Structure formats: structure tokens, C-alpha cells
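Here's a structure for you.
By letter and in written order, the chains are A, B, C and D; residue numbering begins at 1 in each of them.
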Amino acid sequence: MAARANIDVERLLAHYRAMARIRAFEEAAERAHQEGHVKGAVHLSIGQEAVAAGVCIHLKREDLITTTHRGHGHTIAKGADTGAMLAELLGRASGTCQGKGGSLHIADFSIGMLGANGVVAAGLTIAVGAAHAVKLRGERRIVVCFFGDGATNRGPFLESLNWAKIYELPVLFVCEDNGFAASTRTRAMSAGPGPDARAESLGIPARTIDGNDVIAVDEAAGELVERVRAGAGPQFLLARTYRLKGHTASDLGAYRSAAEVEARKADDPLKRAAELLKVSGVADETIIAIDAEARAEIAAAWKSALGAPWPAVELAFTDVQDVRMPSWR
Amino acid sequence: MAARANIDVERLLAHYRAMARIRAFEEAAERAHQEGHVKGAVHLSIGQEAVAAGVCIHLKREDLITTTHRGHGHTIAKGADTGAMLAELLGRASGTCQGKGGSLHIADFSIGMLGANGVVAAGLTIAVGAAHAVKLRGERRIVVCFFGDGATNRGPFLESLNWAKIYELPVLFVCEDNGFAASTRTRAMSAGPGPDARAESLGIPARTIDGNDVIAVDEAAGELVERVRAGAGPQFLLARTYRLKGHTASDLGAYRSAAEVEARKADDPLKRAAELLKVSGVADETIIAIDAEARAEIAAAWKSALGAPWPAVELAFTDVQDVRMPSWR
Amino acid sequence: MAVMSYLEAGKAALAAEMRDDASVWALGEDLGRGGVFGQYRGLVDEFGPARIVDTPISEATIMGAAVGAALLGTRPVVEMRFADFALCAVDELVNQAAKARYMFGGQGRVPLVARQPIGMWRSSAAQHSQSLESWYAHIPGLVVVCPFTPADNYGLLRAAIRCDDPVVYMEHKDLWAMTGEVDEAADLPLGKARLVREGSDVTLVAWSGVLRAVEAALPLLQDGPSVEVIDLRTIYPWDRDMVLDSVRRTGRLLVVHEAVATGGFGAEIAATVAGALFGNLKAPVRRLGAPRIPIPYSPPLEEACKISPAQIAETVHGML
Amino acid sequence: MAVMSYLEAGKAALAAEMRDDASVWALGEDLGRGGVFGQYRGLVDEFGPARIVDTPISEATIMGAAVGAALLGTRPVVEMRFADFALCAVDELVNQAAKARYMFGGQGRVPLVARQPIGMWRSSAAQHSQSLESWYAHIPGLVVVCPFTPADNYGLLRAAIRCDDPVVYMEHKDLWAMTGEVDEAADLPLGKARLVREGSDVTLVAWSGVLRAVEAALPLLQDGPSVEVIDLRTIYPWDRDMVLDSVRRTGRLLVVHEAVATGGFGAEIAATVAGALFGNLKAPVRRLGAPRIPIPYSPPLEEACKISPAQIAETVHGML
């Protein structure tokens, strides 16, 4: 890989660190699922880490995000505790949601993470609503809404983008286009030039980038976040990437060839960032150390999660509603 | 109004006749509602007749349409019997739907009219489904889907257009943009350049025309219908028009000035067609005779509808379902 | 005490809450022009378009945006126009609003009110007349309210807005014009039924618009059995205590609702009471509701779906 | 007679109908690759992509398009993946499919089948585990089927596809792998329950996945009361006759379902039976269902939402 002009090595190292942490988390989650520790479905973002890292570096703690079923990366990049996240996957009381949500419903309101979602495209309406509240109260924070390419074929995509634009809400829409919706190539099911054209037809400026190039994501997201903060209304980022693993941790991915996946591994965002770091003069050991540190963090998180207590059964009956709460037996 | 080159006077007379029949029907419906004969809501298409006439002239009996709450015009232009339609508005057993649907649910399957709809944008999914069946069976007929500008802000708009395009279905989408969704100016609630841009972002070629110019509608629809018949996939027609009456027959339209409405009357499609006929050499008497004939048809229809029997109460219990039909008392 | 219509009472309640609490706002189609029935008329003048928000025809996003805005601590009042159109927003209400607090382990709450006008009214036909309160009563996390009087529409809408749980608030379209006394100082709790009238022979539980038929049935029973009438008001949580106490005294229960009888909430009440007071009932619990047919347009057919006063009176007589 | 899994039985039923009737087709996400649970695996090879149709993630239009296609006389089998996602298509199912024939005065019919897998399965949590059969039973125009055995999944899916009414067809996700004998020649009618086991002391009515817990409870009752078990199979129209006949003999009824008890279809059955057999019951009708809480993710909490064999046995004992 050729050297790139004006690389901010420190910043790229930060990106690499974020991506390595996500990767280590996802690998642990995959293993945990395969070994039967995680009972519910798990959707891994391996290969897509650059989007999470490149976007979230621009966010403050008070900024908000919503994400999808494939949301571990965004959640980590926004600042959630990996130990609490793993505990959530394991269904333990110390999980981000006390074990009541699992991977599909991870949320951490303390860092502005308003929830993953089990329903494709449902996060879009919630994100614009959060942005609506932000604007209503005259706050200065912004909302980033992550969703997949498949979600752009559901009605709430149109409705939410239209909504964000007519009220000029502070939202950045980030479409993470990994080429697939479950076992289906999204292209076969999506008419027209693409999600960016759809956004533009709804009055929202759109940029399309190589989502596996963390620097490109960083730059584009920086510009768009800036615009959103400046009150320019909603913006749209289309990040092209690739899902290196199955749709869920139990999907073998028979709908695509091993050769295709193998070829795409050359484009692995971590690998690309590592190469760029090296040609920018960063020592191999530094990179190896970051990887090791990330793995160590997750190993510790895993250990603590696995040792965490199960929720008491009474917990199933809390936080349902206040007006006549149900009680256990 | 200046003479227009190459006017097909016979065809324009046919349009005028179709529009006059719709106008007479709508005026009768309005009166019937005001006088309390029609109990349910009635949405009048007065001022929008050119779209119905100009599009439906291209359709054969076996072609199919779906329409909206404001569907009388399309239904008449497709060939429904005005007497049965008025009887339906009156809730009589001889109505198109035996009085069980009313204005919001008028349908006449015998002429390929698959139903009005009480839910905005719901007709779009039904239309693409009908087109899907047509294609599945290798039939040659086409489907025309009428809907309003307000409907383009509902999710099914995106989903249905995408659907029609990915399966290359024989559908012509006709967006009748009358500027309003109930009491709201649609423009204020719709981001982006417009419905045509949205269609194009979904891969569907779109044309925008003056929907009060029946010749323009005829020409554009002719071309698009031709393309659909030829297997070129879905097409989109955006017809700009204006609703001269209230949203419903009981809406006084306080959200717009009388002056605005007055000014728009100059653009009344019937008036414009009549003027064009006159400058093309058609005698006043001919036009007056067409108007009179239309009014006479509707007067007769009204008389027969008003004299038609109410449905027997047992009819409330038929056509619900076959597996354990409910019965009366 | 002021005399208000049911419609005005709802409007006054919303206005009062909006004055008291800057985090309350309303959103829906045509609200700036008063809403489809005029139940928001004038509010935009007092509160401005940022708090009385006109929306596109995007029911799913109206509801979903309210969820997002509620999670941030605002109190959105969602107008669905007709309960039937809320069927375009069921994922947002049932999968998101009702479950968010729970799924997220209590990190957030969804204090929204989803106003869903219900009921048969002027030949509105199959897609503008449904009463689906039993659906929402079945969904964990939702409170369901069906006010009948202007006083209740005032007090319960205020309570619903103040409630931290998502509330499905179902006004009946045929009641908008009905007037009554409203005590604006009264504090009405959710979950408490209203004793309309005392009686000793039969307990009649009903809610929403059908209570008019109940009122009209009472004179037909004047010299007959003594009927205790309870307006349930809140469908979930329903006031089991008041109903059970009453049936314990009368020994007979008739539940009347406008919704389809099969799978209506009357079934829940009937099953609960028949179980709890087994052996202490003088007659089988009876339920009256609509036949299981879509609501027809034609006036005489629509009439056939409605519970009539005569039918109520006859049923009561048949229980003795 | 062949031994098949519940999943294979469903697939075989669809294939058989597709062979018999060229107007039958299926549509949904990922069907070409077998569907989310493999219940369509291989069908595209036999029937091609025009009849086993892969769709975008557009639930509203999947259902709505099926309505349009059904109105033209084709027989679409709609795959919703999880019943929870069908909540994105409620307008299309409830306002359109269920009502079209009626509103249009019988001019058209909507012979579609909406497959909506239900139930708790492997910690699927609140948005992938719901059982909402009582919702659809409340909607005029809809038939609702919840098969339990492979034989029923075969026979009832065939019957559902042949039915001219729209059918909500709810397979239970936890049953896919369960095997059993399937008589491919048998003709199963909609609306008829299945007598699982005769008994004389208590009638137990249940359907779908929870019948496994019922099966497991029976040994716990071996030396105790004699339980007659009825698998309802069709929720609407439910087999009143079989249930009433049975309870007339046993004098006791327990209804068990996985769905939330409050407003569940058990309430309809309980209310009907308690009313019809008033004075002839030996014990109050009992209902077991989930508590009114969203379904939690954590395995021990999910377990707490499920009806256990012990709970069933205990309840039966308590009725004697």
C-alpha cells in the first residue's frame, strides 16, 4: 500500500484501537455463541468496524445514536462498557439491560446509545424522534442513526428521512451498505441508483464513501457531523462495506462463495489501517500491542461477564409499567 | 386561448364528455351529502377530472385500476355505472358494493376497478400485487394506480415503487398532485424536489405534466401506458392539479383563501377543454348538449338510486368469511 | 365546574398539561388547523407550531418519532385521527413503545399518549369505525383508556399525559359533541372505574360510546330489575375490585361493549368474574358486543352492528 | 404414512398445493435460500423464482401485494418470518385482507395465507417471541390456525391454502424440529379441534407449542385425575362443540396457552364455557398463560414466562 499524504498517525492509531476492540469483542461474541454461552441470536459486524470507528470519533458523550441488530460496533465506539455488553449477551444481571434485552436490544443511555433494534428500520423513526426532542428543547447535541442497506427498502426509511428534512432535524443518517440483507444480495431487491439517490430525492445531501477506509469515513463523517451541528439539517452518509461473517453467528453463508469472502478479506478495514500505519512509520510492535490490549480487555470483560450472577426471576417483572405492575406468581 | 396545433377534436370531445359526466356526478354527490342523503364522508374530485379522463382513455376493460378516497372520477372514467355508484353512496342494495362499502370503498371488479381505499397509500401495495399476479400468469393487461400527493409521504409509497421496479411489473403510477393533503399544503410536509424525483430514485422513469390540461394528460399517459404494455416496467406520471372543493363534502376549506380558489377556477379543466373545443370550431351548442346529457344521466342515476331498496339486514352478515360465517341474531 | 363538550374537555386537558409542563407536545396530521375533528382548534395559537406539530401522512413515523422523543423525556401526545390508521403504526406502538423500557432494563421510559379515536360514527364503514381496545390490553407495557364523559375525557387525558407509561387513549367519535359538567380541579386516577348508578340485581359493566345505549336502556327497565352500572373507563388495568365487589352483591354480570364480542375485552372480564365468583353467581355472565363482521357502510346495516337499548334491556331481563 | 418434522411437513404441504394448483405461490424474504428457518429449502428448484418469490424487506408491501394478487384469484402464501414482524403489515392484513371481500360486496376474495411463526424460542427476546393469535381471532374475516403436530402442520397448511378466506397461519418456532407421522392422504378441516387424549375429570384445552408442556405434565398426574386433552388447532373458528361436549362430561376446564393470559384467547373460551355450562361446572374455569410482561432475553427470565409442566399439574390438582 502506498503512503498517503497528510496522515494523522495519532488519529489513525485511535481508529485502529477502536476497531481492534470491536473486532476482539465480535470474535468473543462469536465464540461465546458457538460454545452455547450466548443463547440468543448474534449479528457480527466483523469487516464493518471502520464505519463505527470513523463516525463515532466525532461524537460527544451527550450525542445520541440508534443502531440495528448489528450494533455492537457502534455501541462500543460510542463508549459503552464491553464487560456490561458481554454480560448482556450472556443474559446476566450486570448486562447493560440487566440481561432483559440481549444482543438485539443492547442500549446504554448513559453514553447516549438509545438502543439496538430487532426490527429492521425501526431505529430510523426513533432517531428522528430523538432529534425532534433535541430540537424542541433547543439542545445542541446531535443524533446519528445507523442502519443497513436492507433497511432502505422499508417504508420507515422514506418517512423518517422526509421527517428529518421537513423539520430540519440534527440527524446524521449512516447507511452501512454491506451488500447483503440476510442471505439476499440487497442489490437484487433494491431498485434505482442506491440509498444515496433516495436520500437526495428526499432533500437530504448524501455522500458515498468506501466504508472500509477508516480515514475516508472519518473525513466524510467529520464534514457531515459538522454540518449537522451547524444547523444545516439532516445529512446522509452511505458507507460501502462488506460483512465478512454470516448474517448471524449461526449462518454459514452458503449464498456466497468462499472465494468471494476470501477476496474481500484483502479489504478488511483493520488490515488496511494496519498497513497504512506501517507505511506511515508505525512499528509492527505498536500494532501488535494494540491488538493484544484489545484482546486483553475483552478477555477480562468475558471473564467478569461469565462470572456475573443471573438476574433474579423477580427482575422479569420490573420495568414493565407503573400503572399496575405485574408481580411474580 | 390560442388554437393548438393538431387537435383531435373528436378525442377532445370524448374527454370533455368523460369530464362532464364526472363533474355532474360529483356535484350530485355533494348535494346528496349536504342534503343528508349520503351519510358517510365524500371526497370530491371537482377540478381534477382531466387526470381521470386523460389516463383512463388508454385503458381496456380488462386493465385494472386502484384508487383512493377521492376515486369517483377514476371509477367513472374506467367505465363504472354511475347509477350503481350513487346507490353505493346512498347505501342501497343495488350499489356497486351492495351498500356495504360507501364512497370510500367503491369497487367494480367487472370493469377492472379493484377498489377505492380508506387508508392513504394502501392502494399502492394492492396495485403492485395485482400487477404481480398479472405477470405471474403471463397476462397482457396492465394496472394503473392512482394516488394523491399526500400518499407519497407514507412508507408504502417507497415499498411499492421499489417492488414494481425490481419485478418489472406492468404498473403505471399516477400521482394526482392537488397541492393538499386534507387541510395541509403537501409541500410543507414533503421534502425534496417532489414525487417524480422520488420515483426516479427508485429506478422508475417519471413525467410531470399539467394535470388540468386533458390533452397533455392524454399524451403523456398514452406514452407511458404504451411503455408499460411493451414490458418496459413501471412508469410514473405526476399530474399537477388543484382541488376546487373542500377535502370532504363537509370541509369549508378555511385553510386557503377564497381568492386562491377563485383564481384557480380559471384553470378548471372542463373550462379549458371547452375553450379549446370552441377555438377548434366546435359549436357552443355541442358543448352545452354534452353538459346537459351528462346532467341528465346523473339525474336519472340519482332518481333510480334514491328509489332503490335498502339492503336487508341479513346482508350485513354475508361475504364475511366462509369458514364459520356469522349469522344474524 | 364548567360545562364542556367531550371534545372541548379533551382540548382543555391537553392545553392544561401543556401549560403546566413544557415537555408536553402534540403531533399529528392537520393539528395546526385543529385536527380532523377540531379537537386541537386554537391550540397552535397558544403553543406555537413547535409544540402543536403538523406532520406528514406518516403514521409509522408519527408514532416512532414519539417513541424517540419520549425516550429523551419529552411527553408527546400522538394523534392517530382514527384508531384504524394506528394499524399503520403497530410495530412502533407494540414492538417499540410498549417494550422499550423493559428491553433496555429500565434505562428509558416512553411517556407517550397515543390518541386513537374509535367507534362507529356516521356510516364511516369498515376502515374508520373499529374499536380495538382489547388488542392493546393484551400488550404488556400499555395502559388503555376509553373515556365516556366530558369530565373523564378531561381528567383521564390529563392523567394519561402525566403517566410515565405509554397510554393508548381512545376517544369515541360519536361523543365529541356530548356536553357535561367538568370539574377541572378533580384528580382522576387511571385504573379506577366509575360507578354510574347503584343497583342490586344486575351489574352492568360498559365503557365508551355504548354507555349511551346503556343509558337509554335504563328507562326500559324502570319497573324491573335494579341495575348497577359501572363505566370501566380504564380498560387496562381494569378495576377488578369495583367490578368484583359489585357482582358479589348483585350476583349477576352483563358486560357491554361496542367492539366485536369474540375476543373482546368483555371476555377477559367475564372469564375473571366467572372464575373469581364461581358458585356465587345467580346467572351466567353475559356479554354483548358487535357480531364478528366488518362494519358495513349502509346505515341500516351499520345499525345492526350496534348494541341497542332494547337488546340490553332484553338481555338484562333474560338474566333474572 | 411418512415421518416428518414439523418444518418438513409445512414444506411438503406447500409443495403439494403448488403442484396441484398453479395459482399458488409464496413470497417473503430469503425464500430462495430456504427462508429463515429452512422451511422453504429447495422449493425454488422445483417451482422457480416466479413462484417462490424473494422479496425486499418490505413487510407492508409483502402483505399488501398478496392482497392485490389474491383479489385477482391467485393464492399467495405470505411468509412474515416472525409474527412480530407482521406488526409492520397490520393495515394490510386487518384493514385490507380481512375486509376487502366484505367492503366490496363480495366482488372479490382474498385467499391468502399469512404464515406468522410465533412463540418463545432460544432467548429471542421481546421482539421475536410474541404469540398474538387472540388479536386476529378478534378480527372479522380472518381464520386463525395454530398447528401443533407435523401431521396438522401438513394437513392444516394445505387446508389453509385451499381456503378462500384469508388465513393467519401461526407455526411455533420451537416445534420446527419435532417429528411425527404424517398421513399425506388425510383431509384435515379448518375449525375442528383434535382430541389428544380422553379423560373424565378435567378438560384441558391448549394449542401450539405449550402442548409440549401439557404432554410433560401428564405423567405428573398419572395416579391422579383423568385429564382429557384437546388441541384446539384452529383458534378461529374454534371448535366450540368439541370443547363444550368434553366439559359437559368432565365438569372442569383448564385452558393453557403461551400467549399473555390477559386478553388471550383463553378468555374467550373460558367466558363461553362458563356461560354455556353455568351450573354444570364442578370448579371454576382456569386459564394459564404468560404474565403480562414483554418476553425477556435472559434464559432464566424467559423460562419464567413459560408455562411449566409442574404449573399445569398443580393447577389441575387445584381444580379437584
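Note that contacts are C-beta pairs under 8 Å (C-beta built on N, C-alpha and C of every residue); 3 or more make two chains touch, one makes a residue touch a chain.
Values in this document were obtained by computation on a predicted structure and should not be read as measured data.
S.K.: Going only through chains that touch each other, how many steps at minimum separate subunit C from subunit D?
M.R.: Contact-graph shortest path, subunit C to subunit D, evaluates to 1.
S.K.: Could you tell me which chain lies farthest from subunit C when each chain's centre is the average position of its Cα atoms?
M.R.: A
S.K.: Where the centres are mean C-alpha positions, what is the separation of subunit A from subunit D, in Å?
M.R.: 36
S.K.: Compute the distance, rounded to whole Å, between the mean C-alpha positions of subunit A and subunit C.
M.R.: 40
S.K.: Hey, what residues on subunit D touch two or more of the other chains?
M.R.: 55-56, 58, 60, 84-85, 88, 91, 95, 102-103, 125-127, 140-141, 236, 291-294, 296-297
S.K.: Do you know which subunit A residues sit against two or more other chains?
M.R.: 95, 97-101, 105, 117-119, 153-156, 159, 162, 166, 188-190, 320, 326
S.K.: Which label fits the chain touch graph of this model best, line, ring, star, complete or other?
M.R.: Contact pattern: complete, every chain touching every other.
S.K.: Which bits of subunit B are touching subunit C when the two form their complex?
M.R.: For subunit B paired with subunit C, touching residues are 39-41, 88, 91-92, 95, 97-102, 104-105, 117-121, 150-151, 153-155, 181-184, 188-190, 254-255, 310-311, 313, 315-317, 320, 326, 328.
S.K.: Considering only the defined contacts, which subunit C positions touch subunit A in the complex?
M.R.: Going through subunit C, the ones touching subunit A are 23, 25, 50-51, 55-56, 58, 60-61, 63-74, 76, 91-92, 95-96, 100-108, 140-143, 163-165, 190-191, 236-237.
S.K.: Tell me, which parts of subunit D touch subunit C in their complex?
M.R.: Touch list, subunit D to subunit C: 84-85, 87-88, 90-91, 94-95, 98-99, 102-103, 125-127, 132, 134-135, 137-141, 236, 259-260, 262-268, 270-272, 274-276, 278, 281, 283-287, 291-294, 296-297.
S.K.: What residues on subunit B touch subunit D, complex-wise?
M.R.: Against subunit D, subunit B makes touches at 64, 66, 95-101, 105, 107-110, 114-115, 117-119, 122, 124-134, 136-137, 155-156, 159-160, 162-163, 166, 318-324, 326.
S.K.: Can you check the complex and tell me which residues of subunit A touch subunit B?
M.R.: Within the complex, subunit A touches subunit B at residues 153-159, 161-162, 165-166, 188-193, 197-198, 200-204.
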